[in-house]
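Next come two complexes, and both contain subunit A; in the first it sits with subunit B, in the second with subunit C.
After this line comes the complex of A and B, so read on.
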């Protein structure tokens, strides 16, 4: 496992960095989708995997970011890059506001409430609230990427945009794991009463987890809107949230697990076109098998690292 | 003497029709090792839950350092220097021993929420300082060799030590131990006694519930005996041993030991 982490990540990054030059345009599009959905699944992992909250509305925040970018670009003529801060902030603030009244709910109740949020959100989009969401058709004809006066119209540019967002997400998650806030989330997930009895206010960290998860998903939404130059409500349906939820649960709350889940769910169906209609069938069975055989996920969570100077041999279990 | 006093006055806790704690009063002085004993079901753990904010007592007052803490949440009470362990050990089972102890450093760490997103030199220093504090606790409780081991896979006696180490990492003023010797063998109990004395020598007041009478008599300075939620006696261990009400509660008339 150690070895895999040592060599796995550099190899993965190198391959991903070179990838668009090895693929034709159809496969580039698939690779971009992989990157975007990997970011959303990782953001879901912060809420579900790290903090243990059964959130089944992650597509809401993903969509909120995408629509923020689309509306700002389409209605107000902001460049795609300029919409990024708001595409992160608006979902992050909404995440905190929505989470505030519900984080004390027990797992299954929270799950139902977040499904409700997701459904309401899609309804709002479809009914063209405020006349800016474009109704069931969504918004199309967005500008392509431009940065410092360069027009980055190619798909390769979008790929690298998505890749940078993934790297940023991984970096942020690493920072989180090595911080007081990140650890507090783990403690709350493991045993809330014990966490409270050691001085942790679980509410703060649950809302924080929701907020960060929502912000990252929102950023992924910007990339998504850029890739298709369009947004429409059906991409953010509740069923998408179910997929992100299952990916984290089946993959396990770890980066390799989540990436594997996204790969199986979104890339394999493209490789085997005939597999596409079967994917829910196969993934459904995979979920059942994984939950029975590996209830903590295919690649289970490894918790925050402890400093080397504390490891003094003995029964060190990896 | 500083006024690190815990004063309970007429604390009453009811569950439906059952009065688990009935107008209980006692006073823990700074620097004491104070024991609460009583037969099974006497309401000892309920008293602890009322002090540490897990339950709110219906009546009475829980006063700590001149401040009323009844009705505060557990984490607010920890903030005021009262930390507890549990009779049924509550550790973060999948996490390593070191990470478990690190949870005790939570309220001592100066990191803000946003340090979870971006680290700064200050937050890195804080992180390292706290890991060194964890190392101190690992040494104090003789747990160094298990630092990286997931705590759920360790034997019961060691888990008890980890739970105490976690509580001590908070640097409490008052440490509350709920049956610390439960499930320990004689040798482990001896080590525990020594540890409790060492903790007291660090200036920490200790309040404990214990079943093991030999241990209680040896370790505590002062005792309160409760039965059916009521105080039936208090005094030094030697006084308690001679008290007829206590002897009766323990040896029992036939109706009170099968709760």
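After this line comes the complex of A and C, so read on.
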């Protein structure tokens, strides 16, 4: 694991930085999709993997960020970059508001409520509430990226935008893991009662985790809206949330595991296009097999510097 | 008043379908503490199995006997699928972290849903007209023979299940297993057989529900399972998850709620209202109407 961190990440970053110059435009688009969904999956990991809350509505926050960018750009003429603060803030505030009344619920109930949030959200978009969401067709014809007066119309620019967002997310998650809040979230996940008894307020940290995860997903939404220069409700259906939920758990809630999960779920189907209709059928079997063979995920997360031999089963969950 | 009575009849019809499907969720959850996400897709699969039995086995003959054969055969096929599902996807994960079983259930759901798509195609299929189109008009309120049959058969099945669970020794074993599996095992109950039995009962009731959906709505699609599954699961929570009479009550109430929202407010907002109801109930009374307080295991 240590060697992995020492050499794996620099190699990964170098390859990702050079990637758009090695690919044609179709594969650049696939690579951008990978980056965007990787960020959403990592944001889901903060809520589900790091804080242990069964959230199955992450597509809501992703969509909320995308729609914030689209509406501000389309209705009010803001440039894409200028929408970023609100595209992070609005989902983050909603994350806290929605999480507030529900974080005390038992795991399965939380899961169903977050599914409910996601479905209500999509229905609100489809019914064009307030007349700004564009109904079932969504909003299209967004501006391309522009920064300090430069028009960055090429796909490579979008790629680097997405790449920077991924780097920021990874940096934030690394810092979070070592911070007071990150440790508190870890203890809340491992054993809420014990965490409370050492003075951690689980409610605060659970809402915090929801809010951070929602904000990051919102930022990914901005990149998504930029890449397709359009948003529509079906991109944020709750089946997407199911995919993010599964990616985090099958991956094992670690960065390499989650990235691997995103790769398998969103990039492999592009490589094997002739099997497109078999995609979910095969994934379903893969999910069952992965859980039976490795119940804690393909690459289980580790926490802190606890030696491996002290941890039953290689990781310390439940 | 006409709208009220009409939606009452419609609500009871869809409510009994929700209730039948909800029983499968609630029984599995009661014993295994697992949301069987694949259950909704099994319900959808049952409608397609019924369709194939009608066209391939019965040669499109419509008679009372044919209807009975379709129901019995579909229920048996789905009971078999349920057994296989439990054996392959859930039993190996009984001691694993709970989230692993949830992911396995989601995987099973994808397999069944896309299995239907690969076998029967992605387009909507039309379910055969097995029940004659008979309507009674009570001064503006129209009730069809199908609605009466659905309500009557569902009630018979639910009363039967209730008596089975409450009055027989096997029923007592089911209840014991759902209170405490380990204690039940120590009392000599074979919990593995009980779980298998629960999957047989739940899947067959779900199969009947799926055929009702086909008979009532006629159009069946491979991905309709999620929708009915979610509604049925909400019904199970509404009544108190793990509680068998609760699932029946919850199903009926949810059916009525949905019908009245569609009748009085708007059908495009029905899903949103249903989920808002669910969220409010979970905030106010997370154990549901008939549920007892269940402490989170610490």
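Please note the rule applied: the second predicted complex is superposed on the first by the 303 of 318 C-alpha atoms of A that agree within 3 Å, B and C clash if a C-alpha of one lies under 4 Å from a C-alpha of the other, contacts with A are read in each partner's own complex, and residues count from 1 in each chain.
In the analysis below, contacts are C-beta pairs under 8 Å (C-beta built on N, C-alpha and C of every residue); 3 or more make two chains touch, one makes a residue touch a chain.
These figures come from a predicted structure and were not determined experimentally.
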{"item": "Subunit B versus subunit C as contact partner of A:204, first or second or both or neither", "value": "first"}
{"item": "Touching partner for A:196 - first (subunit B), second (subunit C), both, neither", "value": "first"}
{"item": "Partner chain in contact with A:212 - subunit B first, subunit C second, else both or neither", "value": "first"}
{"item": "First (subunit B), second (subunit C), both or neither touched by A:166", "value": "neither"}
{"item": "Subunit B versus subunit C as contact partner of A:183, first or second or both or neither", "value": "first"}
{"item": "Touching partner for A:175 - first (subunit B), second (subunit C), both, neither", "value": "first"}
{"item": "First, second, both or neither for A:115, with subunit B first and subunit C second", "value": "second"}
{"item": "Subunit C-contacting residues of subunit A that also contact subunit B", "value": "191, 193, 317"}
{"item": "Subunit B residues touching subunit A - in the complex, by the definition given at the top", "value": "52, 54, 73-75, 78-79, 83-84, 86, 90-96, 98-99, 102-104, 106-107, 109, 111, 113, 115-119, 123, 126-128, 131, 134-135, 138, 144-150, 153, 166-167, 170"}
{"item": "Parts of subunit A lying in touch with subunit C, wherever the complex brings them together", "value": "54, 101-102, 105-109, 111-113, 115-117, 119-120, 123-124, 126-127, 191-193, 239, 242, 245-246, 249-250, 277-281, 283-288, 290-292, 295-296, 317-318"}
{"item": "Residues on subunit C engaged by subunit A in the complex (per definition of touch)", "value": "29, 33, 35, 88-89, 92-93, 96-104, 106-115, 117-118, 122, 226, 230, 233-234, 237, 241, 268-269, 271-272, 275-276, 278-279, 282-283, 286, 294, 296, 298"}
{"item": "In the complex with subunit B, residue positions of subunit A that touch it", "value": "172, 175-176, 178-184, 186-187, 190-191, 193-201, 204, 208, 212, 301, 303-304, 306-307, 309-317"}
